[in-house]
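Which chain is which? They are A, B and C, in the order written, and residues in each are numbered from 1.
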């Protein structure tokens, strides 16, 4: 739909990128909407950084088309693209002051000195880093350097801002603060953000949409909630949050419901329609499982189990269970009361794990969407 | 022995090594300060410093021949020692000479080498003793006599020396003839490419006067070093090469500067190769080298060699015995051996420089004795002059003029 | 988060207590060696430079500034200037050749980096003089290079030998490794993400090089330039062989005073004066070196 391309800031059309024999990005199609915060999420080597570098212009696709702002960007060098990057290790120019760093891009555009300074000042204010104009980058902390890098890119007012794991080098607390900060800034400036990360929590908390990548393809592209609640593949299900998997023969399937016999009396009943296969896989989120002391009946969605370990995660209690059929389950419960029921269980105890019919997610292991809009 | 090799300018490190050594020693001839490879690495300079510093000698000035053994014949009747230590330029004597000396006298010879007169002087001044024979050039002999470092030779022990031509016995640098026996000698002359240079210069002055004209046409060359450039210019102007007269030196300086633009190179170590390849159209040279250039250009026949009519430089290397020689009798025997006409003939065939002993010269092959570039006629050498280092002031003045000439 | 912005820069304190400490006197042999063989000759030079001549090759140890006064002569000032100009030309040529080579080695080679480094140093394994002679053959007006240049029509007459050009070529050739190595080291330490960042911000490759790569590798370049400039000034073999003895370098003049004239006091004074002059360059270098530390690169 090239006539609609103008609604998208970036568009990948069946892009493939190889490094020698390694296929880094394998026929990826992707449309990035104007003004959205899109995350490319995946483990290292999944192709997310390569995708970002192709948008920036540091790499050129081997096959396929790349459109930025509706026009062909293949072969256009980075310095002629209306995109800017915030680098992982900040990549601030060590021999220049903070102000000169932020002004650098404007200077390339031959913006007047006065205007440069005014805009740089605004950008630094936007990232809440003022009064350090004359400092050298090495004199700032990691978080401050990150802000400078952000200001340096934002001051260019690009069509798209690319962020390559920008918070990776910060400690947890600072990272959380910066996540909120980034979201605030994006709301404020309204620029399209494409954010590369391997941290699913980061991606879920900030993004409008998340593209989960694996082995050079997009496994799923959707809103954070949909990705969490309705993972399309086992990879996504496992990568986003925690997931307990059960596998078994379809015992019955009718009327938007099904039952699966996972062996040794473990039967899963859920909603949906297993697509023809005799053996299917389901996933159940840890927080959707309730554990009770004692030997419950071996009915559907209720499995006998043994407690293997117990851990306190601060706000939650986590148990690792072994089901009758040998599967291991992770279960978590919020410590909403002083002594939640789960807390009375100790390793070695026998218990029953229960869940409702809406909890099991049928793992389709579908091929990822080819036209990821 | 150096024959001409037309492929001289093709790099062959191993083969050219002796050649380089030889060139270096040629360059040192008149006590000059050109570099050697060792000096290029700063070694010789360091050695010089170390010698000066560690020796800590404050030998203030020439103290006259106090230590020279002037007593009459103290060596008479003494038996010959069993050792002989020679400090010499490398490859300067025929191996057969050593062999025959050893068998005749039953003396063990030990020889070490130096590559410049300065190295020799520094070594002796730093207290280097233990040498029986040294081979200084004429200007170094003068200095060593001044410093009292040489033994007065016992002529009775060198009967063969009586055959040395009289003009080479009492020389300007050894007026009494007591401290040296001339080993061999040479002269400085010039040559030109007769297909390009049409004037027929016969004097050094004419040579200089042609430089500005031909410097633009092709390569011209002067022998390098303050001790060559300045005295040769003084001689061309008709002055004493060893003059200390500031006015004369000043005239030489102005003369040199006036012809500077006509001088392409100032070089004593590479000009043989370049001239042999036909690259120098007008240049100075030492007679032994010019001989080789002529033979290299025989086929083309385009080089004319000129022994200057009026005057030019003559130089000599000399056999001397240090005052501290531990084996003086053997040292005298060595000099006597070298003055044996038969030995002198093989020596000349080896090093290609004339030894002023007529009986020996007569026995050399015709191509040597009939070649005026080898056997330079006395009609020339009698008018030629030795370049000496009469005083430090004169040497300094020459060096300053040379620096001005180079940097002009 | 505003509280975070006013934190002072973090500096990890040095924890000496965990590092093994060796007693300082262990360096005594090195220091003694240094004093005798490095400072010793220098001290002798200083003593000579204030002494006066007393006959051939001997000096009387006095304190006299006459040698330095003699240096203040248009002739020697001219020699100093000529030397510096030639060395500067040689250094410029060395940079023009050496920097791209170092850049290529650092950025374009992966497997053969060590081999390339070795090849850079290999010429140092043969005698300096022999190499200079070889260069003479290459530069010969009747040599193959001359024929080639005349054949291509770049120049109708290839007449380089025994000119200042030949001296500059010889200087550059002989000192090239001394420049390449520090420049290469600084390029190796370079964070190439910075160049990406610059192009990302709109700088063309050339501008990115000029504004980012060059300033960040400048300390290495300055080190290299000084490493070649200083010995070039003291050079006296190359001007003789390739310049045909027509160029009076300071090294040549010191050499002829020491060896030819045996005027040690004057030669020493000249050496000391030149050393002082070169020290100015070293001071500039140290200023650069400290600036590099500030970058924390």
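Definition applied: a residue touches a chain if its C-beta (ideal position, glycine included) is under 8 Å from a C-beta of that chain, and two chains touch if they have at least 3 such contacts.
These numbers come from a predicted model, not from an experiment.
Contact count check for A-C and B-C (C-beta pairs in contact): higher for B-C. Closest chain to the protein centre (all Cα atoms averaged), using per-chain Cα means: C. Put simply, the C-alpha centre of chain A and that of chain B have 89 angstrom between them.
Separating the CA-averaged centres of chain A and chain C is a span of 54 Å. Annotation: 37 Å between the Cα-based centres of chain B and chain C. Residues 56-58, 77-80, 83-85, 87, 89, 91-95, 104-105, 108-109, 128-129, 136, 138-141, 143-144, 147, 152-153, 156, 174, 177-178, 181 of chain A are the ones touching chain C in the complex.
For chain C in complex with chain B, the touching residues are 40-41, 44-45, 48, 53-61, 75-76, 78-79, 82, 126-130, 133-134, 136-137, 140-142, 162, 236-237, 240-241, 244-248, 252-253, 255-264, 266. Every residue of chain B that touches chain C in the complex is listed here, in rising order: 9-11, 13, 20, 31-35, 37, 39-41, 44-46, 48-50, 52-53, 57-62, 116, 118, 121-122, 125, 143, 146-147, 219, 221, 224-227, 263-267, 270, 277, 279, 389, 392, 395-396, 398-400, 402-404, 406-407. Interface residues of chain C facing chain A in the complex, by the touch rule stated above, are 1-2, 4-5, 7, 9-10, 191, 193-194, 196-205, 207, 211-212, 215-216, 294-297.
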